[in-house]
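Heads up, there are several structures right after this.
Each of the next two complexes has chain A plus one other chain: chain B in the first, chain C in the second.
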Partner chain A sequence: MSDLLEVRGLTKTYRRSRETIAALRGVDLTLAPGETLALVGNSGSGKTTLGRAIARLIEPDGGAIRFEGRDLLAMRGRELRAMRARLQIVFQEPLEAFNPRATVFRVIADPLRVHRLAGRAEMPEAVSRLLVRVGLEPALAARAVHEISGGQRQRVAIARAIATRPSLIVLDEPLSALDVSVRGRILALLDDLQAETGVAYLLITHDLGVANAVAGRITVIDGGSIVEEGPTKVVLADPQSAAARRLVAAVPRLHRRTEPARIGG
Partner chain B sequence: MSGPLLLSVRGLGVRYRAEGQSVEALTGIDLDLHARERIAIIGESGSGKSTFGLALAGLLPRGSEVSGSIAWPGLGAAPKPGKDIGIVFQDPGSSLNPVLTVGEQVAEVCRTHLGMGWRRSYARAVELLDRVRLPSPEGIVRAYPHQLSGGQRQRVAIAMAIAGRPRLLIADEATSAIDTVVQAEIVGLIRELCSADALALLFITHDIALASGLVDRIAVFRAARMVEIGPAEEVVSAPSSPYTAALIDAHLGLDAA
Partner chain C sequence: MSVLRFLRTPEGAVGGFLLAALAFVALSAPVLFPGDPLAIVGPAYLHPFANPAFPLGTDSLGRNVLAGVMHGARTSLVIGLAAAFAAIVVGSAVGTLAGLFGGVVDEVLMRITEAFQTVPAFLLALAFVSVVGPSMGTVVVAIALSAWTAPARVARAEVLSIRQRDYVAAARAVGMHPLAIAFREVLPNALPPVLSLASVIVASAILIEAALSFLGLGDPNVATWGTMISEGRNVLRSAAYLSIAPGIALMVTVLAIYFAGEGAVEAASARRIAS
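Let's turn to the complex of A and B:
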């Protein structure tokens, strides 16, 4: 099957007072339709920068991105707007992405309205259905975004992203504040949606347990370069790069009484 | 070992009012916290964990109804947020000022709460940014929050929270966007602060494995109530509530299939 997303030689350098930061140093990456690829790496390694460049929210300095066979970086105007329904992003910090005073209803209804996926009359029903899918009460729709909990906000962001039935969703730490029971439900939802619609996910996460549970393939970024890529089970069981080895070694483990005694301090 | 009693909560309840709805966020919470003691709060999304942190810090939004009592025998007076209590909010971006450099923000805490001069405050800011393992802190002090990655912003928020040498640190999902390597280092730093500076810790997290390696006691929240509290190892090895048991079973380790 041909690729859904193909990133070649992507570069991005930021300037910050007297420093320059090479956030992406020639990144290559491909994603097939219906695939889940985990993108992991240290804090500051360039994951969000890459995700935002793919979602056309920041302009890279160099390189190429093809999405559904077309040159993503050349898209303008109407073509670009139509693409936004097909390629959604869930932001790392949902509170920053939305106007905190906007209601939950508006946050979810906006993309449905803009892309003409629901008329005025069907809107309440469409919004309720999406809220229920992410495990939230429909009554939450009336609240402002700052009047719900952090994990509820993350789920509203996911409801908004799936609303337009995209073919690719960039998920930037989408589960970071969710307890395991809710997380399990969201992972199941993402799975069902993939089976139904064939959506692909680029899952940015620092949680190797989550990557292990849902992504068939994993790619490791370090200092703006991809340093390792392969089937998730293989990479996590036997990491080759120093970056991947460090991440795997530091995964917290449950401290039970039956484990050898640990002296705190 | 833990020290004298810092904080005593009895029968705490919180209700929010929003758009004509009244939301019961907490009910009947009792908790004693001692100096040097580290407690984790875990539990379901929406169960009231952040609300509990905000209530202790006196930062609940206007219009919320609070019942029960929060006493601070260890302080003698009502605590000042920033000075007596350091807080890392769940959404780190929202606690940082977008128009000040991160160095200015951390230094400002030292100036206001420790009475240091500007030059010393700024030097301490660099030192704190280094302690939370930010790379090249001399450069990062001059950055604005939006020029940092999510995990870097979280670490700035941690540096700000400990800058005023508080007696209690409330960390709400403070390491949720930080990779495992830095997470382990931050946990080490917090542990060190608790024993060296007699800091007490309220560590709100969804990560039960992370909690189990850091804290003395774990409290489990569900639907506005505290359903279980006990020594960390006991809660993890022999949970008394079925909800806690389910949380532990659902933990996604690397060895899980």
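Let's turn to the complex of A and C:
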């Protein structure tokens, strides 16, 4: 099987003073090269834990992850750091995802420098190219990350993620911190980048509208387990699991019958 | 501008002015009194204001007290700043590594920190200088030896909260080396509360240095306030000015540093409220 990503039986339990919370209870998941898989679920369903475990930012307790045919969880040290060029992540809150003292230049130059993709002399040129690629002015490089708008920040985060030409980007709620007016343009950018580079996305979201717009396949996670999986259109039209039905019901556009009654004039 | 905000607080204004004056005194000492401040230049026990050439008089050997006080300012400030710098560099590095890596690294580093904290700072400095011998360098090390523990604990606490932040996760996701994450991403953001300890450390370093010199464990080749106070002690009834002049200098310096520290903290918190 030539899957890009294969997750098998992944478990993770958080212990908080005597209380144990099972965030992941044996999750299975596969992703083909160049595919977009939406991972949807309510808050607390374990979707962020799963995304971070796949990005090797959280150590799972059990299970296996194969990425590009290699055992991801067995990687350590230098090997793991080198692999990170292939597997990137974009966080929900773009301001949180940058060092508060950093400039845009530094944020984008970091992956290029760490993976030796550009020397000191080529760096300004390389950073400018990436900024233009995500639809930003090269002059923005000199600005501090806290000075630019939320939409610009998320574009910078995307530029950082694509800098090393990864084969998979985990998008952890990449739109939910953004203005509605900006969301469509960021989605269009992600779409363009995928068409151009063939990168695969694992799109974590609770917004079925977003999932519907970009993902061919959808996986529903609830209480740390995958409860439903299938082509996006099929799952949205005829949800089988209770969790999927709840999510579909929460989207007014997709569920005409529960349209809220208008109040007053 | 943060300097202006600092000077607008009463503590900052007083402390800043006094520190500027002290820095001026320390810097102009070799210009106004070139040559060795420990050299004998006049008659012994000349009282202050008796001879315009020696405004603060001379000591038991006929050394110029004003030259001693001014050169002593250099010694105090250099040792205070050097010890505080060393303590903050070592302390914040230890605290950052302990907080970021956690587990065994944290346990080992914090037990070492506690071991140093259990020994009174002055006794540790005293023991170290007694064994290694007095010189500017060993006095700085002796003071830093106990002063690094406070910055280490503050840095560790700060790092423990910073390491949960997404930008540290992002740096890992980028593939940065753990040490690069520690010193480029985490430490600079953990530093402000650590730096607020600087004034306390400088002030206590100056006091420890004076106390060591008072006990005869200062560098014998430089003029220090502690040594001057100690030598004046023998003639306290007949020539109290020999102890009073360096004593006032010491008091003013420590007060100035405390005031400046208070002013800096106040200016920083005013900025936090404003933003």
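What we mean here is this: the second predicted complex is superposed on the first by the 241 of 265 C-alpha atoms of A that agree within 3 Å, B and C clash if a C-alpha of one lies under 4 Å from a C-alpha of the other, contacts with A are read in each partner's own complex, and residues count from 1 in each chain.
Assume a contact is a pair of C-beta atoms (placed from the backbone, for glycine too) under 8 Å apart; a residue touches a chain by one contact, two chains touch by 3 or more.
Keep in mind the model is a prediction, meaning the values are calculated, not measured.
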First (chain B), second (chain C), both or neither touched by A:L57: second
Partner chain in contact with A:E147 - chain B first, chain C second, else both or neither: first
Contacts of A:A85 with chain B and chain C, given as first, second, both or neither: second
First (chain B), second (chain C), both or neither touched by A:I108: neither
Which of chain B and chain C A:A159 touches, first, second, both or neither: neither
Chain B versus chain C as contact partner of A:V210, first or second or both or neither: first
First, second, both or neither for A:G44, with chain B first and chain C second: first
Which superposed partner A:E93 touches (first chain B, second chain C, both, neither): both
Residues of chain A that lie at the interface with chain B and also at the interface with chain C: 93, 96, 100
Interfacial residue positions of chain B with respect to chain A in the complex: 16, 18-21, 42-46, 50, 90-94, 135-136, 139, 142-143, 147-152, 155, 172-173, 176-184, 191, 195, 206-210, 212-213, 232-234, 236-238, 246-248, 250-254, 256
Footprint of chain C on chain A - complex, ascending: 52, 55-57, 81-85, 88-89, 91, 93, 96-101, 110-111, 114-115, 160, 164
Parts of chain A lying in touch with chain B, wherever the complex brings them together: 14, 16-19, 40-44, 47-48, 92-96, 100, 139, 142-144, 147-153, 155, 172-173, 176-184, 206-210, 212-213, 236, 246-248, 250-258, 262, 264-265
Chain A partner contacts - residues on chain C that touch it in the complex: 165-167, 169-177, 180, 185, 188-189
